[in-house]
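Note that chain A is present in both complexes that follow, paired respectively with chain B and with chain C.
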Partner chain A sequence: MKRFLEKAVKWLLTASGFVTSAVILLIIGFLFTEGAGLFREHVIEEGYVLALNRENPVKRMNAAQIKAVFDEDVTNWKEIGGPDLPIVTFRLEDADRYFSEEALGKQYENAGALIAGLVADNPGMVAFVPESMIPEGADLNFIEDRTISPGEVFAGAEWFPTATPAPLFGMWPLLAGTLWVSLFAILFALPFGISIAVYMAEVASERVRGFLKPVIELLNGIPSVVYGFFGLIVIVPLLQQVFGLPVGESGLAGSIVLAIMALPTIVTVAEDAMRNCPRSLREASLALGATKWQTVSRVVIPSSMSGIASGVVLGIGRAVGETMAVLMVTGNAAVVPTSILEPLRTIPATIAAELGEAPAGGAHYQSLFLLGVILFFITFFINLCVEFISSRNRAKNR
Partner chain B sequence: MEKIEAKDVNFYYGDFHALKGISMEIPQNKVVAFIGPSGCGKSTFLRLFNRMNDLVPGSRLEGQILIDGQDIYGPGVQVDELRKNVGMVFQRPNPFPKSIFDNIAYGLRVNGIKDKEFIAHRVEESLKGAALWDEVKDKLNASAYALSGGQQQRLCIARAMAVSPSVLLMDEPASALDPISTAKVEELICELRNEVTIVIVTHNMQQASRVSDRTAFFYMGEMVEYDDTKVIFTNPHKEATQNYITGRFG
Partner chain C sequence: MKKEQILISIFAAFCMHGQADAQRIKGSDTLLPLTQELAEEYLAGHPDDEIIVTGGGSGVGIAALPENTTDIAMASRRIKFSEKMKFAGLNLDAREVIVAYDALAVVVNPSNPVDSLTREQLEAIFRGKITNWKDVGGEDRKIVVYSRETSSGTYEFFKESVLENKNYMSSILSMPATGAIIQSVRQTKGAIGYIGLAYLNRYVKPLAVSYDGGGHYAYPSVDTAADGSYPIVRPLYYYYDARKEAAVAPFISYALSQEGQQSVLEQGFIPVPRTDGQADGEGEND
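== the complex of A and B ==
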C-alpha cells in the first residue's frame, strides 16, 4: 500500500510537470503560428483590387503609398514614380457621385462594367473595388498584389491596422513606445527602489520595518486599473500643469505609474537579498574598521547583487508587460516617440485595446499576435540577461 | 606593560547576566587563551575588546575596558578607529565574495588609503606574514572562495593584519579546520606574537597549551582562574579548572 502511494505521488508529480510544460509550449506555439500568419496576408484587403487605367505604367505600390494616395496626401502619380498625372481616387462609396441609381441597377449588377469603363476613360484614376465586380477581360491595369513583408512590419513607422485599402502594420512606434516607457520607468524606480530596500534592510528599526514591509507588499496587490485610475486623475493633470502640455497623457505619465507599480517588487526582492547577506560578512567588514555605510555599500550590496538584479528585472518585466495602467495614461498615439512628454502607445496596450475589434483570423488579428511574439522575445531577452548576470556573479563568488 | 585591562566587567544580554565581575590584565605582545565550556562567556568577553557586542540589541556593559590605558567605551571613542586597532578573526573563515587581493586591500581602502602602490605592498606583506603568499601569488585576482577552508582562514588572518592592528582577537580560529590547517594557523599565531597582542578563544585545550603564554578559565560567566599557561595546565589552583582540563566536564 505504502509502495503504491509512493508510486502514485511520483506519477502525479511527473504528470503535472509534463502537462504544465506542454501547455506553456502550446501557448507559445499558438502565438507563433498566429503571428507568422501575418506574412501570408496580402497588402491590399482580401478580395479587392486596385484598378488603373491602361495607360498608367505604375505596377507596384507599397502599403504606405496606397494609404497616402487614398488619404490624398499624394495627389500626383509622379510622386510615386508614375507619369505627371493628377490622381483621382475611386472607392465603391463614390459610385453614387458618378452614376445614377438606375444605371447601377438595383443590386449594383451594372456597377462593375460602369466602373471599369470609368477607369478606362480616366487616365489618372485608381479604383478600389471588389475583384468579383470587375467584368472579365476588362481593359484595365491592376496594381500587383503581394504578401506583407517583414521589413515593412518591423521597420515600418506607421501603425494603421484598419486603414483601407491597405492597412499598415509598422510596429516600430509600438516597440519604441514600450521600450521608451519601460526605460524611464526603470530610471525612476531603480534609485527609489534600491534606497527603500537599503533603508528597510539596514536603517529602519524592527518596528518601522514591521509596518513598512506589509504596506509595500500591499502595493503589489493593488489591481493595475486602480493604478491607472490614480495616474489618470492625479499624475496626468499634474504633468499637464507642470510642463504646460496640451495633453497630460504622455509617456512620462506612463513611466511614473509603471515605476510606482514596479517599486514593491524591486523593494521586496532586493531587501530580502540584502537581509540574507551573511552576518559573518558584515562582522568581518566592521571588525576591519569599516563604518556601517562602507559595509553596506562595499560588502552587503555587492554580495546581494544577484538578488537585487533579479528584483530589478522582475520589476522591468512588470513594466514591459503591464497593460491596463499604461493604456489609461499614455494617450495611445501610435507614433514614434521623440520625447517622453508626448503621448505614445505600448505593445500590451495595443493588443488589449484592439484585439476586441479585430476580426478573428484577419491580418489585423494576426498582427496583434505578432506583437505578442515580440513582447515575448523582449521579456525572454531580459530574463536571459538576468540569468547571465547572476551566473557570472555566482561563478565569481565560488 | 599591560595592553588590555578589564576592570570589574559585568555584561548583560537583556536580563541575562552573561559576564560577572571580571577583572584581568593582558600583557603586551603575549598570547592569552580563553578556555571554558560552551556558553561560559569567553566569546562574549572577547567581543567586548573590539565592541562587536554593540551590534547586539538590548546588551549592556558595566565596568571598564582599557586598551593602552584608554577606556574604549568612553565618550568620544570612534568605534571604527578602535576596530582598526583591534583586529578580529572569526570562528568560520569569512572572506568577502571578492578577489584575494581585494579581500586584503579592503581594510586599507575603508580606512581611506588610496595609494595603489602602498596597498599592493601591504597585500604582499600581509599574505607573506600569513604564510599564504607562495600559494596565492599567481592568482591574486581569483575569488577568495576558490581557496580551501584553511587557506581562507589564513587569508582572514592576513586581512586582519593588513591594517596593522596592535591587538588581534581570535574567536576559535581553528575550530572549522582540519588538523594540518590547524597546525599552520597555530604556527602563524606563534609568529605573530612578536607584532601583536593576541587573545584567542579556544575549545581545544592542547591548542591553548601549545600557543598561549597565559590562560584564563571561564565558567558560567565568571573567570575562575587566570595564570601562566604552564601553571593552569600542570598545577591549577581551583578545583573547577582541574576538573575541566582533565576532561571531567565541558
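== the complex of A and C ==
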C-alpha cells in the first residue's frame, strides 16, 4: 500500500513537471507562429490595391514611400523614380468630391467603373481602392504587391501600425527605447541597490535589518500601475520643473520608476549572496589585521560578485519586461531616442496599449506578437547570463 | 438531506437563470459607460432579462461577433473593410445602428492664450509642421502634442476628420487613456490634445474649431455638436448579427427611445436625431 502511494506521488510529480513544460513550450510555439505570420502579410492593406494610370511606369513602392505619397510629403513621381508628374492621391472617401450621388448609384454599384475611368484619365493619379471594386480588365497599372520584408520590420525607423494604405512596422525605435530606458534604470538602481545590500548585510544591526528587509520587500508587492500613477503625478511634473523641459513624460521618468521597481530584486539577491560569504574567509581577513571596511570591500564583495551580478541581471530583466508603469510615464512617442530627456516608447507598453484594438489575425496583431518574440529573446538572453554567472560561481567555490 | 435538496434547487435555478436570454455586449471603451447605464435602465423595466456588458476595445468587440462570444459589438469607429470582408466570408450579415454621437474637444493647458484654431492649423500641429505656439498666435513655446494610442477608435476618428487621413507625426506622445491626456495637458504648459466631450473638465481648456478656414468658430458643447456647428463629431455604433435581430431588438430600440437618448445626453454624448428628423435626412438624399 505504502509503495503504491509512493509510486502515485512520484508519478504525479513527474506528470505535473511535464505538463507545465509542455504548456510553456506551447505558449512559446504560439507566440512564434503568430509572430512569423507578419512576414506573410502584404505591404498594402488586405483587400485593397494601389491603382495607377497605364502610362505610369512606377511598379514598386515600399511602405515608407506609400506613406509619404499619401501624406502629401512626396508630391512628384520623379522623387520615387517615375516621370516628372505631380502626384494626385485618391481614397474612397474622396469619391463624392469627384462624382455625384446619382452617378455612383444607390448601392455604389457604379463606383468601381467610375474610379477606374478617373485613374485612366489622370496620368499622375494613384488610387487606393478595394480590389473587389475594380472592374475586370480595367486598363490600369497596379503597384506590385509584396509581402512585408524582415529588413523593413527590424531596421525600419517608423512605427505606424494603423497607417493606410500601407502600415509601417519599423520596430527599431521600440527596441531602442526599451534598451535605452532599461540601461538608465539599471544605472540608477545599481549604486543604490548595492549600497543598501552592503548596509543590510554588513553594517546594520539585526534589529534594523529585521525592519528594513520587509520594507524593501514591500516595494515588490506594490502593483506596477500604482508606480505608474506615482510617476505620472509626482515624478513627471518634478522633472519638468527641475530640467525646464517642455514635456515631462520622458525616458528619464520611466527609468526612475523602473529603478525603484528593480531595487528590491537587486537588494534581496545581492544581500543574500553577501550573507552567504563563507565565515572562514571573513575571519581569515580580520585575523590578518584588515579593518571591517577592508574586509567588506576586498573580501566579501569580490567573493559574492557572481551573486550580486545575478541580482543585477534579474533587475534588468524586470525593467525590460515592465509594462504598465512605463506606459504611463514615458510618453510613448515612437522615435529612436537620442537623449534620456525625450519621450520614448518601449516594447511591452506598445503591446499592452495596442493589442486591445488591433483586428484579430491582421498584420498589426501579428506584428505585436513579433514584438513579444523579440521581448522573449531579450529576457531569454538575460536569463542565460544569470545561468552563466551562477554556474561560474559554483565552479569557483568548489 | 434537506440541505442537499435546497442546494440542488438553488443550483438548478442558477443554471436556468443562465439559460435565459443573457445578452452579451462587448467592445469600445468609449461606449462602455453609456451602454452599462442603458443596460441598467433597461433591466429595471425587464427584470427577467440579463445583459452582460464588457469593454476591451472596438476591435475586440467586432472580432467577437463572428466567434459568437458577443451578441452586440460596440464600436467607436465604423467597421473596417477588412472586417467586412471577413464577415462576408463567414456569411455573416452585420447590421449597424448608430446609438449616439460623440464630439471630440481639442484641449490645451488653461494658461495658454490661444482660443481657437482652424482645421488646417490643427492638421499642421498634429503632423509636426507647426511646432511653436507663436506660429498660431500664442506665446513663444514649443508645442507638445498628445494623442491617444494608435489603435483607439478616437485616434482613428481624429485622423480621419482633422488630418484628412494623413498620418500623425512619429514623435507624437501617445497616452493609454483619456484620463492620462487630461492629466498631462493639465501639467504641461505647451500641451495640446483631444478628448471626448464627456471628459471635458475645468483643468483643461477647450479650443474653438473652424472647418471653413476661419469663417465660423464653434466651442465644443452638446448644443453646438447637436446643431452641427461644431465639426469634430463622430457616430458611435452597435453591430449585431442579422440572424439575432429578434433577441437584440428590444434593447436597441430602448437605447434609441426617448428615455434611452435622455441617458445618452446625461452621459455627455449627443443624442441621435429623432426618427422624423432621420426621415427628412433620407428624403434630402433621394
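The rule we apply is simple: the second predicted complex is superposed on the first by the 393 of 398 C-alpha atoms of A that agree within 3 Å, B and C clash if a C-alpha of one lies under 4 Å from a C-alpha of the other, contacts with A are read in each partner's own complex, and residues count from 1 in each chain.
Keep this in mind: a contact is a pair of C-beta atoms (placed from the backbone, for glycine too) under 8 Å apart; a residue touches a chain by one contact, two chains touch by 3 or more.
Everything numeric here is computed off the predicted structure, so don't read it as measured data.
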Just from the overlay, do chain B and chain C fit on chain A, or is there a clash? fit
Cα-centre angle that chain B and chain C span when viewed from chain A, reported as a multiple of 10 degrees: 140
For A:Phe160, using the defined touch cut-off, is the partner it touches chain B, chain C, both, or neither? Pick first, second, both or neither. second
Using the superposition on chain A described above, determine whether A:Pro130 touches chain B (first), chain C (second), both, or neither. second
Would you check which partner chain A:Thr291 touches, where first means chain B only, second means chain C only, and both and neither mean what they say? first
Which chain, chain B or chain C, ends up touching more residues of chain A in the combined arrangement? C
Between chain B (first) and chain C (second), which, if any, makes contact with A:Pro278: first, second, both or neither? first
Once chain A of both complexes is superposed, is A:Ser390 in touch with chain B (first), chain C (second), both, or neither? neither
Counting only touches as set out at the top, which of chain B and chain C does A:Asp71 meet: first, second, both, neither? second
State whether A:Ser303 touches chain B only (first), chain C only (second), both chains, or neither. first
Considering the aligned complexes, could you tell me the closest Cα pair distance between chain B and chain C in angstrom? 51
Touching residues of chain B toward chain A in the complex: what are they? 50, 52, 55, 80-85, 87-88, 90, 92, 94-98, 106-107, 109-111, 143, 145-146, 156, 159-160, 163
Quick check on the complex: what are the chain A residues that touch chain C? 45-48, 67, 70-72, 91, 93, 101, 130, 158-164, 173, 232-233, 236-237, 240, 246-249, 327-328, 331-335, 343, 345, 352-360, 362, 364
Which residues, counting only chain C, touch chain A once they are in their complex? 56-60, 62-63, 80-83, 85, 127, 141-142, 144, 149-153, 155-156, 160, 165-167, 170-176, 180, 183-184, 187-191, 285
Hey, which residues of chain A end up touching chain B in the complex? 278, 280-281, 283-291, 294, 298-299, 302-303, 396-398
